[in-house]
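Chain lettering (A, B, C and D) follows the sequence in which the chains are written, and residue indices restart at 1 in each chain.
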Amino acid sequence: MDRQAYSQLEQQITPKTPIALNLVKAFVTGGIICTIGQGIMYFYMYFFDFTERTAGNPTVATMIFIAMLLTGFGKYKRIAQFGGAGSAVPVTGFGNAMISAAIEHRTEGYVLGVGGNMFKLAGSVIVFGVFSAFVVALIKTILVKLGVVGW
Amino acid sequence: MTASFLIAFVVGGLFCVIGQLLFDVAKLTPGHTLCLLVVSGAVLDGFGLYEPLIDFAGAGATIPITSFGNSLTHGALQEAEKHGLVGVITGMFEVTSSGISAAILFGFIASLLFRSKGRP
Amino acid sequence: MKRVIAIAGTCLLLAGCGAGAGEIRVSGGEPEENQKVEEVLKEKDGRIVSAVAVFVHEDLLVGVQVKPFSRFSKTKIEEELTKELEKAFPEETVTLSTDLKIFWETDKLDELEEEDKLHKKVETIKSLSKEET
Amino acid sequence: MVARGVIRFGNRPTIRAAAVAAGPTEKKNSPFSHQFDRLYDSDLIGQKTNEQAHRQLIEDACDLALNKAGKTISDADYLVCGDLVNEMTPSNFAAASTGLPYVGLFSACATSTSALAYAALLTEVGAASLVLAGAASHHSAIERQFRYPVEYGFQKPQNAQWTVTAAGFAAVTPHEPGYPSICQATVGRVVDYGLTDPLNMGAAMAPAAFDTFRRHLEAAGTEPEDYDVIITGDLGAIGTQLFRKMASEAGYAVEGERWRDAGKEFYGGDPAFFAGASGAGCSAAVYFSDVYSRMMEGEYRRALLMATGALLSPLSFQQGESIPCTCHAVELVMGEGEGR
């Protein structure tokens, strides 16, 4: 059997990704995580002096704290296996990427292991976030200076 | 009030659906997908679209990773508004995201407390 | 997971009790002043679900709740309403916000009797409404 | 010379004893667990790191195999084994603590048979009276090296495979009647059909398995029906289907219970483990427990062990390279009358 015939056969036999089902699962999982976030946001607004605008920060921190517990007790990977992007896209997924790497590399010591590898997975998100923010802000500022758009 | 929860659910869910499409249809790795979403969050804020979305959806827009790109751009733009082009650069260094600090802090704490478990 | 749901549920309950139900309520001013505020707010009736306005000395504090789909243009609505109220009450300092927190706090102002506590609360609300992310 | 890459052992080296040590997940989920010689309740096996646990697994399996053969470490002449961790350090450390002359073999998940073939060769030429040969893998140690941190959440597809925590070792001696002996081995070629998905290893490895299978049978002049069992290493549910399809299209009769796959059977088809098990310890654990005991009981008179290995590294697949694969075959016979 040559390569081409084999690759056709392989595509036939390898189970298809259940895309529709995965989308529904991602929607529900992500939706639930964001709803919990909304609840935490209201909690901070109701009991502390946070407005809708400022409650986002403590909410995100709390969500990551919850992600830490779930990751540490081995539950987050189960949620991820079910939810796919539903657990990866919310900030808890970002937390999970950093926390799991930190836990994993503890055996190499705190400086080289935890410190050095914490950003192994999540680092690229920070790099591209900061760089794209810089480019976008630069372009917009130049356009404003040229009078093409307003702030 | 109930409406806010419902909107957060739907909007947050839709962000994840986009992510899942990038996983399954575009066959991107989680790393590539998240980077793409962060970049699009930054770009959306450049067009001034992300803040209204946060006003609308609350946690549905602040919890997805896109809001990270948004808050970075937003910080840079605020500085730029005050100080012009130099502000873009100084703004970049001034912006902090609670998400990053929280993840670093809790990541370190987790490394003190937990071990990984090789179970399904 | 259960803990999270419990917290979320509690918040839902508490929050559900806190908000005034769907009406425009103005207090603390002369009857005709109150009437005027109500009129201004009612002009935007299509978008406003409920509102609380309180006159405290030189301050007019207004908390507004807009319809879900009008939240996209929250900032615009805030600007428009503030402008109109400032026109109607040139001698008052108008603090208007569509933020839920401000709405709750303004709602609670009515119950406060003591003068210095009231003053403190007003200052808190004013500073909160100015805070950015 | 029989054929390129095919070794025929006229002296028939024997597997005098074989032993398997396995971790807690295997204890709980593997239908073979009652045949394993030692099971641990913790992934760490009382060690500080997963890598130390990995090394402990190797040492314990070696000890068990020697015990079962009624020998001690001083009777052994060589240690031939390998694993998947960086530069095979667990094997290296285990070799250091045994103090035996040691050859580290990297054939990825095909190490169980390549070690067996190498041990048979040393025995055949009279260089050894006892060789410890085997392979091991430790889920947490390998998962983090080849994929993501163990606790990182990402959706694995149905064609993914689960790396086992297990070590299987055999004590290979010159011919002794009453034990399974090695009559032929085929050293695998590296076959690369250009597949790139590291989460679909079974599909990548199937062509290598078929290549070795055909070469082995052609050199031996046998048909599949001549074997009581033809057991591949860790092709998993998808790879097994592909391998059988390839074999049947080439005209081999693919039917009956004689066609087995260690990876597919390892967790009893539990969907929590996706397409089945993988890892160097997977084939070693099944060969040196289930297959070995069935041969000792006389159920299998002639067995073809074909462990498959995907020879990739995290670096190579991130650079977009395809997955080169291999498969080494070892043929075992029980009793004198069988074979040639």
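Going forward, a residue touches a chain if its C-beta (ideal position, glycine included) is under 8 Å from a C-beta of that chain, and two chains touch if they have at least 3 such contacts.
What you are looking at is a predicted structure, and each value in this text was computed from that prediction instead of being measured.
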**Request:** Identify the chain pair with more contacting C-beta pairs: A-B or A-D.
**Result:** A-B
**Complete:** In terms of mean CA position, the chain most removed from chain D is C
**Fill in**
In whole angstrom, the CA-centroid distance of chain A from chain B equals 8
**Asked** So how far apart, in whole Å, are chain C and chain D when each is placed at the average of its C-alpha atoms?
**Response** 71
**Item:** Centroid distance [mean C-alpha coordinates] between chain C and chain A, Å
**Value:** 35
**Prompt:** For chain B, what residues touch not just one other chain but two or more?
**Reply:** 4-5, 23, 30, 55, 114-117, 119
**Asked** Which residues does chain D have that touch at least 2 chains other than itself?
**Response** 50, 144, 149-151, 154-155
**Request:** Would you give the residues of chain A that are in contact with at least 2 other chains, written as numbers and ranges?
**Result:** 17, 22, 35, 38-40, 52, 56-57, 71-72, 74, 83-85, 88, 93, 97, 99-101, 103-105, 121
**Request:** Give the pairs of chains that touch; include all such pairs.
**Result:** A-B, A-C, A-D, B-C, B-D
**Asked** What does chain B use to touch chain A in their complex?
**Response** 4-5, 8-25, 30-31, 33-35, 37-39, 41-43, 45-46, 54-55, 58-60, 62-69, 72-73, 75-77, 80-81, 84-85, 87-89, 91-92, 95, 97-104, 106-111, 113-117, 119
**Complex contact set, residues of chain B against chain D** = 23, 30, 114-120
**Asked** What part of chain D is in contact with chain B in the complex they form?
**Response** 23-25, 43-44, 50, 139-140, 143-144, 149-151, 154-155, 162, 165, 272-273
**Prompt:** In the complex of these two chains, what residues of chain B are touching chain C?
**Reply:** 1-5, 7, 51-53, 55-56, 71, 74, 78
**Message:** Under the definition above, what is the set of chain C residues touching chain A in their complex?
**Reply:** 1, 4-5, 7-12, 14-15, 18, 97, 99-102, 104, 124, 128-129, 131-133
